[in-house]
Amino acid sequence: MNALKEIYKATQPAHHSPLTIDDIIEDIHSQIEFLLTEKLGDIGKKIHSARSRNDQVLVDIKLFLRHEIEHLVLAVQSFFDLLIEQSEKYKDDLLPGYTHLQLAMPSSFGLWFGAYAESLVDDLITLHAAYQIVNKNPLGSAAGYGSSFPINRTLTTQLLGFDDLHYNVVYAQMSRGKTERIVASALANIADTLARLSMDVCLYINQNFGFISFPPELTTGSSIMPHKKNPDVFELIRSHCNQIKALPGEIMMMTANLPSGYHRDLQLLKEHLFPAFTTLKDCIDIAALMLSNIEVKKDILSDDKYKYLFSVEEVNKLVNEGTPFRDAYKKIGLDIEAGQFSYSTNVHHTHEGSMGNLMNKEIAANMHAVIDDFHFEKYHLAIERLLRMDDTERKF
Amino acid sequence: MNALKEIYKATQPAHHSPLTIDDIIEDIHSQIEFLLTEKLGDIGKKIHSARSRNDQVLVDIKLFLRHEIEHLVLAVQSFFDLLIEQSEKYKDDLLPGYTHLQLAMPSSFGLWFGAYAESLVDDLITLHAAYQIVNKNPLGSAAGYGSSFPINRTLTTQLLGFDDLHYNVVYAQMSRGKTERIVASALANIADTLARLSMDVCLYINQNFGFISFPPELTTGSSIMPHKKNPDVFELIRSHCNQIKALPGEIMMMTANLPSGYHRDLQLLKEHLFPAFTTLKDCIDIAALMLSNIEVKKDILSDDKYKYLFSVEEVNKLVNEGTPFRDAYKKIGLDIEAGQFSYSTNVHHTHEGSMGNLMNKEIAANMHAVIDDFHFEKYHLAIERLLRMDDTERKF
Amino acid sequence: MNALKEIYKATQPAHHSPLTIDDIIEDIHSQIEFLLTEKLGDIGKKIHSARSRNDQVLVDIKLFLRHEIEHLVLAVQSFFDLLIEQSEKYKDDLLPGYTHLQLAMPSSFGLWFGAYAESLVDDLITLHAAYQIVNKNPLGSAAGYGSSFPINRTLTTQLLGFDDLHYNVVYAQMSRGKTERIVASALANIADTLARLSMDVCLYINQNFGFISFPPELTTGSSIMPHKKNPDVFELIRSHCNQIKALPGEIMMMTANLPSGYHRDLQLLKEHLFPAFTTLKDCIDIAALMLSNIEVKKDILSDDKYKYLFSVEEVNKLVNEGTPFRDAYKKIGLDIEAGQFSYSTNVHHTHEGSMGNLMNKEIAANMHAVIDDFHFEKYHLAIERLLRMDDTERKF
Amino acid sequence: MNALKEIYKATQPAHHSPLTIDDIIEDIHSQIEFLLTEKLGDIGKKIHSARSRNDQVLVDIKLFLRHEIEHLVLAVQSFFDLLIEQSEKYKDDLLPGYTHLQLAMPSSFGLWFGAYAESLVDDLITLHAAYQIVNKNPLGSAAGYGSSFPINRTLTTQLLGFDDLHYNVVYAQMSRGKTERIVASALANIADTLARLSMDVCLYINQNFGFISFPPELTTGSSIMPHKKNPDVFELIRSHCNQIKALPGEIMMMTANLPSGYHRDLQLLKEHLFPAFTTLKDCIDIAALMLSNIEVKKDILSDDKYKYLFSVEEVNKLVNEGTPFRDAYKKIGLDIEAGQFSYSTNVHHTHEGSMGNLMNKEIAANMHAVIDDFHFEKYHLAIERLLRMDDTERKF
């Protein structure tokens, strides 16, 4: 094990000599076996005992996904903090709320930013479920049917910082493809939140709405229209995110109706899933850059064209004064038809989650609770312990 | 509120007078308002205060999904128990394990049944995440922008047995479509487990494999081939389940790029999602009926054609006797080519999750832990309390 | 054959005695055999010779799809005619053209209606390809491996009005699932055209745009907002159409990785495909009703906020006067920044397909050419001849 | 124009100086304008007149797809020829035909190879429809709303060898995303044929079937199982092809609910579509290499376990001797149950498309007719003429 650790340390970034795989060597696992055998002689060949490339690759995928999920959570957390911050900053700035894309009722930028923050909480709940499945140890399942070596899978589970085992070796193998699909579905949820936000931005920056703008250096021009300030960044986020949303379906298509047991088909699932993490994190980071530079238009609702937004307020005022709802609704409707609708732009909402009471603290508390549940520190501790461990300490 | 409870009680199944919606009435919410107004006069019209059809329907969907998820979990649990039971019953019955659909190593029916049982554990982890999102209260979000009435959303959350609120009213509305998608993804996971199981069954019952069979009354014949015993049941399960797997993609397609705020599009998401629960439960129940009647062929591996399944065992035997793995692998490979491969069919696997140590107890413990996390009893208690509650007890 | 024709005629709608399938009879094919045997005695049992339920159902599906495609083409044609008519009627009514959802250049309702008309031409090209595959005869493939009876498949091809045979009997069977998928893809193309049109309508009817409106009886109100006029019809069209767009993916998921040969899975493909025809035709018909009642706002572009739409016109004016494009572009850009942009709203586009030269006649000619290619009359003639045919005329 | 042709010729592969895009230049179109201006002075800047990057990129995509489709058709044609050749070569080699994956009736390798050949004919019908849409000229639509320059779009249509125009400029822009989707659907059809073929191969090479094999250099081994000969090539083809089948859904997800007019989202559609052509052609070529080296097992059906395949033959024999079908079916069924089933392995099928009459000539004729319909020579002639054309010949 000391020899393995020497190989590991020699290839750390600080040494500027990354592990390379020789042309005649099949993959990283064979390369390590080759290096070990160079160092130690024939005993190095023992490292593949009780292993198959199948369970080695499965473990690699799970370690990779665990690492990527952690970094994605960090990116989401920091984006969430920004959204809450902007929600508080703009809590008194009203904008029209639409239903059926028709003017409906007053809304606020406080609500708008806060909504996407809360959306991320639910997204992380599904990512946490995916993480629980990722963080189970398949090592020892070998080719998918176990091994006649008396290996200790509980030990490798602890050493590698997995929360639990995928016990049944046939299921451990079956988790390939399934883990990728479940992770992709969780990415799709985050992607959907970002895509919807981007659609809103593209609409609100459109001149007919004109609710928001960005500094010129964050928008782009046109090759023939000298007046254009295009929100390309959000169109690209939207498109990347919609592509990620198609990923679970793609994985399902590639694994549908394959009987149990390993198939080489599974190898190609990596092709779009692995880059999706980088893409999604980039989308989050660039969305954060944009939204931290957003310019929100003031007093949007003072424009007379938005007056009917206040019709529900006027109905409710009558109700609060004692008129039954249906009758109040009828009266205001008739006023509108008769061109006699009068209103006040003073919106007084006080209940939980309304524009007057955003409850961003409670939303943030929910977010922190979800993130705490990941317990990433547990696997970090395990890995550090593994790297410090001495050959004399443990016998495998 | 007593009047509401009278309406509720009068329409319980025991009374054989289900609530019907009059032709001129738009939906169930208007019907109830109509009945209330009949009973109480004008005060009945007040019930729609601080409400919109949007948040009423959102609550309905969540109550429906909560109920359906509970019944699905019950079906999964009972199917899981059967799989564990069959895994124990057939733990010594070997069958070939395949990789690349090529003969690989010995497997067992104990492993095979147990693998699908453990698969359901992970599936329920994702269903539990979906349930956490379902079981949050959107009531009070009205048309998606809150209300000027000083309502108490925490109170309705407790009364209806929700775990938490969807605080932000814009997000509460945005949870429509998103909740359905996340639930559909969780159904797709269960469906995928069933579909893969069905594919295995269709393969194993095929005469070239011939590993299992079912009594004649559970298979079907052919209109022109008098010898056929077709596994139609599992083909239909597979097909239904693959259809359910397409559901998350369908929901994403129907909601892609819709800006925030309600759109009528969302109404149609119910069309395929709601029946999917019934279909999936039916698939589980019929799969259980089939598997409880399965006939497993004895001594499959004693057939000489399966001898190479034991090559890894022979390699490992040499390794355990001291030969380095790569050398042992080479020797057995040469023996096979030379037609000199000799082997014993005695498979001795002892590690966690292997055919000699299925760890079904640990898998079952994991399953029970996941199911306990749902805490369905919490919402039952709330609903019972709500029905017992007296008008004098609470003021809204 | 006369007996068969008697059964056929007795069950025609005019006779009000539709063919019913007795409870103990498996399907319509067995029912007809039963009726024949009642009429003719033992000779009736011969009808299943050289047949399998597999190829009978395949033929049924193809006859059904052929019929449905024809009626869909008729609906598309009539919708196309309306779009061309409206394009001509509103050819001088300008509206803003957007790129990146940003104000870009002047467009016109003539262009807008005409664009969707031309889109349908391409959609029908793909539907025609699907029709060519539908209109091939699988009869005689029996269970998918042919028959030892010396049947004449060319004869049944002519009698049933198919254009050609699916020759190879294994492929004839394989066309099941594939035909459905290809037809669904063609439906998805039409659905996509309708869905995009609906999105445009929902945007243009939004009050911030306000380019179009519909009479009150064609929009709906809100349960709490008395001023709302919601475009529910187009939201439902959009949603139904997006659901249809998910259908090819669903069919692919249900048939992925099934080896060749019949599987019962295929039976369920009908479930969503068959109703999709009715849904799509309904969407087309209701869209036609709406668009024939559309109210287009006059003089939209006279509003000062749209002035930059004319910047390209001004650039081009300079170019036509001799300034190189890049220099003209720079000059107008500087004018805009300096607040000195002046423009004329007179748009003079003359090239093919531009707002001044819509070329609707050429587009309509293309549409008629595509529709003519279907040659539906060929199969009608064949079926009529078959029904007139006398037993003495042909021997099978 | 001579200057443009000089740039073109200087960058042809023979000159080893490919066109490179300078760092400060946005894309290839700006680079060419820059080179022209270097050569000709200010007049070079005129080239962007009446153009937008939008219609330039649209034309590029269509030229690229036209070229790729042509090369794909060539690959399909050559694979088709091989399948027909193998169908003829192995026309007398029987194998079991399965329905429900159950032994059903005798089939033949002649039928099997021929079925996939005929499948490609239908696939090319859909690719031809896609080609018709690809091969229409969008040039002149500029940013999607046309141009005030009096350009001649019919002329550029002829010069570039397009069959027709996308007339309406709004539709020309709308064809972006739509063209990609329709092309992807056609690729998916070819991919599905290959994926299904691959599934059959993986099944038939499995030792329980054992119908085919490949030379050792075309299969791979296992890291722990010295006896394995894995069909990795076909697993990878299957996986790549299933991934391509997910492409139409991905494109639909990325374009769903975008209103008309250009959006930057469309740029990312290239990411998976463009490489799909190379992947699909590689899959076809490697499948051809494999199938030209296939080893087909002789006399498969002489094994007693396949005897019931002949039951339908025996039923039909009785029918041909005068017994009604249902009675013959019953008799053979009873014989089988009583263990008294006797049969001859002599299969005499003569009808069109059956194993005794494969009709490969007719299938090949259909294939050639479909390929002829593409008329690729038309666009080649146009491009050659364009390159030969002299500045004095034409004025733009």
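Each chain gets a letter, A, B, C and D, in the order it is written, and its residues are counted from 1.
The rule is short, and it goes like this: a contact is a pair of C-beta atoms (placed from the backbone, for glycine too) under 8 Å apart; a residue touches a chain by one contact, two chains touch by 3 or more.
Keep in mind that this is a model prediction, so the values were computed, not measured.
Set side by side, B-C and C-D show the greater C-beta contact count at C-D.
Taking each chain's centre as the average of its CA atoms, chain B and chain C sit 36 Å apart.
Centroid to centroid, with C-alpha atoms defining each point, chain C and chain D lie 24 Å apart.
Among all residues of chain B, those that touch two or more other chains are 48, 98-101, 104-105, 142-143, 202-203, 222, 224-225, 230, 232, 235, 238, 242, 245-246, 249, 252-253, 256-258, 263-264, 312. If touching chains are joined by edges, the resulting network of the protein chains shown connects every chain directly with every other.
The residues of chain B lying in touch with chain C in their complex are 48, 51-53, 142-143, 202, 222-225, 230, 232, 235-236, 238-240, 242-243, 245-246, 249-250, 253-254, 256, 263-268, 271-272.
Of all residues in chain A, those touching chain B in their complex are 33, 42-43, 45-50, 54, 97-101, 104-107, 111-112, 114-119, 122, 125-126, 128-130, 132-133, 140-154, 164-172, 174-175, 178, 181-182, 185, 188-189, 192, 195-196, 199-200, 203, 238, 242, 245-246, 248-249, 252, 256-264, 312-313, 316-317, 319-320, 324-327, 347-355, 358-359, 362-363, 366. Only residues 98-105, 202-203, 205-209, 222, 224-232, 235, 249, 252-253, 256-258, 305, 308, 311-312, 315, 329-330, 332-333, 336, 341 of chain D touch chain B when the two sit together in their complex.
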